[in-house]
Amino acid sequence: MGWLGPAEIEALRLSLRVSFWATLVTLPFGIFVAYALARWRFPGRQVLNGLVHLPLILPPVVTGYLLLLTFGIQGPLGGPLAELGIVFAFRWTGAALAAGIMAFPLMVRAIRLSIEAVDPKLEQAGATLGASRLMVFGTVTLPMILPGIIAGSILAFAKAMGEFGATITFVSNIPGQTQTLPSAVYAFLQVPAGEAAATRLVIISIVIAMSALLLSEYVGRRVAKRVAGS
Amino acid sequence: EGVLVFAAASLKTALDEIAAGYEDTTRHEVTISYAASSVLARQIQAGAPADLIISANEDWMDVLQGEDLIEVASRVDLLGNGLVLIGAQDTEPTEIAVGLDLITRLNGGYLAMALVDAVPAGIYGKAALQNLGLWNDVEGQIAQTDNVRAALALVATGAAPLGIVYRSDAIAEDRVGVIGTIPEKFHPAIIYPAALTISSGPEALSFLTYLQGDEAQAEFLRQGFSLPEG
Amino acid sequence: MSLSIRLQHQLSDLALDLDFDAPSGVTVLFGRSGSGKTTVVNAVAGLLRPAAGRVAVDDWVLFDTGQGIWLPPHRRRLGYIFQEGRLFPHLTVRQNLNYGRWFAPRGARRESPDRVIEMLGIGHLLDRRPAMLSGGEKQRVAIGRALLASPRLILADEPLAALDDARKAEILPYFERLRDEVSVPILYVTHSAAEVARLATSVVALQAGRVVRHGPASEVLADPSVAPAGVRAVGAVLQVRVAAHHDDGLSELEAGGERLFLPRIPHRIGDELRIRIPAQEVILSSRRPEGLSALNVLSGQVDTIRAGEGPGAIVSVRTPAGMVLARVTRRSVAALGLRQGSPCYAVIKTVALAPQDVGGRVVAP
Amino acid sequence: MSLSIRLQHQLSDLALDLDFDAPSGVTVLFGRSGSGKTTVVNAVAGLLRPAAGRVAVDDWVLFDTGQGIWLPPHRRRLGYIFQEGRLFPHLTVRQNLNYGRWFAPRGARRESPDRVIEMLGIGHLLDRRPAMLSGGEKQRVAIGRALLASPRLILADEPLAALDDARKAEILPYFERLRDEVSVPILYVTHSAAEVARLATSVVALQAGRVVRHGPASEVLADPSVAPAGVRAVGAVLQVRVAAHHDDGLSELEAGGERLFLPRIPHRIGDELRIRIPAQEVILSSRRPEGLSALNVLSGQVDTIRAGEGPGAIVSVRTPAGMVLARVTRRSVAALGLRQGSPCYAVIKTVALAPQDVGGRVVAP
Amino acid sequence: MGWLGPAEIEALRLSLRVSFWATLVTLPFGIFVAYALARWRFPGRQVLNGLVHLPLILPPVVTGYLLLLTFGIQGPLGGPLAELGIVFAFRWTGAALAAGIMAFPLMVRAIRLSIEAVDPKLEQAGATLGASRLMVFGTVTLPMILPGIIAGSILAFAKAMGEFGATITFVSNIPGQTQTLPSAVYAFLQVPAGEAAATRLVIISIVIAMSALLLSEYVGRRVAKRVAGS
């Protein structure tokens, strides 16, 4: 990667780190929320569903702004969390939070659809064999929705790699801390003659995201084969 | 029929007001599309049907001029603007000069600015900091945003203690206080060039002329803009 | 251990309303397609929550709407063999078999996997996934999975319907063993009279969601109006003792002093068995027959003559070995001059006693 | 119309390699679980593309790897009754039934839906969806769906296994009608000897993917070594004519000048039928029996005596009505002194002839 | 809606129109591509898959920029299309195109997952009953994936309602033509004291998208019930 400056390599590494952690940390929540939405009936279900989708609907800048208000140092959540030592403001963790939240609806959707495709009769069969709800989930539902989880995770990862508006609004663009690949691309695009550099970064993004996608196809197909058993 | 104006987003409040006045007096319709200067320039390069462009960035105007996309004769420096250092609402004003205790005032926090290599406000701000001899000290503590308003928001929400933004932006934000205006000698002149595009009709010229009239200029001034010397 | 079931529930156009106590052993549910058998089994398993009712195994209450008791399915310690298999597609056959064992409580009686696998003939399939099994193979794995869960209650919904006769004959003894040795109560749905006769401790006949007949297998099977598969399933059940095994491949049984021969059975001399003698396999004769290939002749007197539908009649003959039923034509009844009390001979072909008609051990009804 | 099948294909651990021509009518595939029956049917249906082979109905080639012919499944005009139902869950029963009709070519023979619905007893289910049906109900709808598709070839994979005997008895004649009147070739998988005897024009016995025996039903059924369900399914098939219906509910049949009685059958006087006489329902007597409830006695001579496994032997008796098989013990053979050419009497219980053993019409084999 | 100015009402109507058409027109393509990816093996399958996902991975500005280059009046596709009378540049149709392309990966993902959940054995059953591939698709697959299609469409609609970066870059921010709700929000956020107006517009977006979501839940559930037949 001789043709990448150190700042660009820094941005690339940061983007990978941010996207990786954004995906990994959101995943359990994503599975939980998807399961709750798919299989439980509870008051406030539609509110939860709406909330989850908000980042998709809102212009990213607005989401970023809301994050800033909520998780900023003086925000209602940001303050208390800071006392616990969890700081998002101007940290890569904040970029991961923004990316995770923006990717969350995609992840939940994918997982939820795959949960809804699991035949409850198989879960019932698990229960008759002595598995508690949680064990049924772990031994029947979870393995069967693995393709959906993989799909959802990669989708989320790809989205996180491309996230820009909410991230820069929330944690701004601090080289080495919060300057992700898209921020760098954006910066290059703002100035005349920045295109060459921007193109270079875009190509890198594409290569990474495509690799992730290909990997997910491959893994997903293998898992699906295992799950379908054919 | 009607005039389509492409204008830098930061002009919105003033320009909406002025255009309304123009429509009232002339019964001619003015439509304004606000976006970042880079976006506007690229769109004109791609054949956008704009009649008049008001950019916040001379470089982009030069690009358009180099490609013969604007009527060179019509190009004017329509407006100027100033840079201010802002902080929390109750911050003591002070004079901005070489030797400013910026680091102390930051107190470990971040200085919010627009992208210092890409967005005009950031580029001007960086030049000012360099000329003030502060750049090397604060370089690592700058939180860059994709536009000036986002930098303003960082200060307004308390995420960043200080920021450098346009005077026109700072003026109406109650949650921030202006610490001081950065003397113009520390940065290149902030110019909003305007020009007719090569596809413009006669109506556009009339509006451009109106923008340079007293009524319009008074409104610009009221919004914190300045008039370029000469 | 007795199974007591009371249920009320409304399905689209079936009103389930039943109440029965079944003694320890195998309770067979039968009834025509759509009569509610699977629904009852699902309610016992906890997969369906009936509007009202109570299900208990002895004093272990699985649910009781009156008391507000509702054990979730995974606490009911079931071995449910589903009508449609329901194997886990993402697990291998081995993992499917082991599934229930993972969750069985530590102290539970453990079935030997090797033994079950061998009996079911699925040893060569262990590493496959269900999609690569044939229909009958799937069903055998499903049976194994349920048996290996160390259940305290077995629910079997037509478990053998997909299997060929030879395989059925191999698996049936296993259910008998569960019934007799391990005394796990079994609720068993089947259409097969032979399975009823061999396995059933008691039989519950359902019709449109209601119990139309309930009693010990021998009684229900002797009643042409409700016998599971119609009149052809009517038969008598005799309790016998193995007297000898002969060199020519026949086994000799003793019942009330009478001798019966049938093809070699695997039981030991002295074992008590029950055998089902289908009514239509019995020929009646007014004099002791001679020169016949049938080796089993029981003498007795006519007890009752019930004219069934159509041309037939069921004649019960009281013999020293027990009551034997014969299904003959009304024309023959007339020709032989049979009346209550007439002496007559019941002729039973040796080979007509099918292996599946011979049960493992006598259970006290 | 004849069905010719040649297939070579390798499954995980089954090597399919078979080649047979079946005459017009019903070709029954039997064999133990996992022997490849469903795989063959799938290959004929075009759901599995075998490595090599050829399938044709008369000169209508469905596929031929040699010629590079491959008709996709939807052009094969099939009525496939799947082992696992495969009803469309999103369609009502009515829509499921009509599905094939939507695609049948205009000029195709049309089955009357009302008739099929009535025969299958699913009239009350028409507006339900499959999830709300019992196991047997699902299978009946699946049968109806296939029959109503106006197929030119019917593939039936254990179509009746999930049904109770009474329902089986209602549906079987319908397959007979398809065979005899409509002459649709039928490839039929079953484990049931009674179904084989009634329906099969020819029988193909599979073992581990290979044909181990192939011939007319009467021949294969007479061979204890391969009869579908083992020795108990051995029997003779006689061709008879309906001679009279009597008031006491019996029908009189004539075969080679001999008279046979059996419970009233629905056929008209003069109809030609074939009936299966299970070998184990036949008793042999060295002198003409008297005072017996069995009404059917055929006199003849012993043709062959084949000692089977175990204590039994199959004795073929040449009678004017045709060859009759009897399964008796070797002990009886000795006791009666039977030898080739011995005169003897075959005694057949009237009621032992099960309704499913009486076929609709004689088909030229 | 007395508290909305005419320009805002205009933006709302435009957004609805843009999102509606973006969803409707992409839907057949979405179903086709989803089906192809789920059920066919063909060379270039992974390339297609990658292409479909590009808009998700790229910063929206980049997508918009690529659209501008491709579908601009002078672009390789925009030129020929313009000759046929199909113009995207700076028209609401262009906004719809941008929204559609941004929403496409979400739609395809949702539909694809639901196609993969359909048991091919049922499609086989359809084929044996005489239905051609196309008829099997129409009578078995399509009805069974309806919940997925509805989910995917609503997701796409919601995404289209929130799309901003690509749209403003591609077709600019022309009131009445290409100024969608998010563009209007952006414009308001760029100026001092614009927050109140922006908030108003955001709330409207949320209400609309949530209604769509609720509707989709309701319809999807009813359809799923029908499809599952329980």
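To keep things simple, chains are lettered A, B, C, D and E as they appear, and every chain counts its residues starting from 1.
As a working rule, contacts are C-beta pairs under 8 Å (C-beta built on N, C-alpha and C of every residue); 3 or more make two chains touch, one makes a residue touch a chain.
This is a predicted model, so every value here is computed, not measured.
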Subunit C and subunit E share contacts with A, D
List the centre-to-centre spacing of subunit B and subunit D in whole Å, with centres computed as mean CA coordinates. 90
Taking each chain's centre as its mean C-alpha position, how far apart are subunit A and subunit C in Å? 57
Separation of the C-alpha centres, subunit A versus subunit D, in whole Å, is 60
Averaged-CA centre spacing for the pair subunit B and subunit A, given as whole angstrom: 35
Which residues of subunit B are in contact with two or more other chains? none
Multi-chain contact sites of subunit D, meaning residues that touch two or more partners: 84, 132
Residue ranges of subunit A touching at least 2 other chains are 61, 65, 164-165, 186, 189
Among all the chains shown, which pairs meet the touch rule set out at the top? A-B, A-C, A-E, B-E, C-D, D-E
Subunit E-touching residues of subunit B, taken from the complex the two chains share: 4, 6, 9-10, 12-13, 31-35, 39-40, 42-43, 46-49, 147, 149, 168-173, 223
Complex interface listing, subunit E residues touching subunit B: 61, 65, 68-69, 72-75, 89-90, 168-169, 172-179, 186-194
Contact footprint of subunit E on subunit A as seen in their complex: 46, 49-50, 53-54, 56-62, 65, 105-106, 109-110, 113-114, 116-117, 147-148, 151, 155, 158-159, 161-162, 164-165, 182, 185-186, 189, 198, 202, 205-206, 209-210, 213-214, 217, 224
Subunit A touches which residues of subunit B in the complex? 36, 38, 41, 59-60, 62-63, 110, 112, 115, 117-119, 142-146, 150-151, 153-154, 157-160
Residues of subunit C defined as touching subunit D within the complex: 11-13, 32-34, 37-38, 83-84, 124, 128, 132-137, 140, 157-158, 161-167, 191, 228-230, 232-233, 248-250, 261, 263-264, 280-281, 283-287, 289-295, 310-312, 326-333, 335-336, 347, 349-352, 354
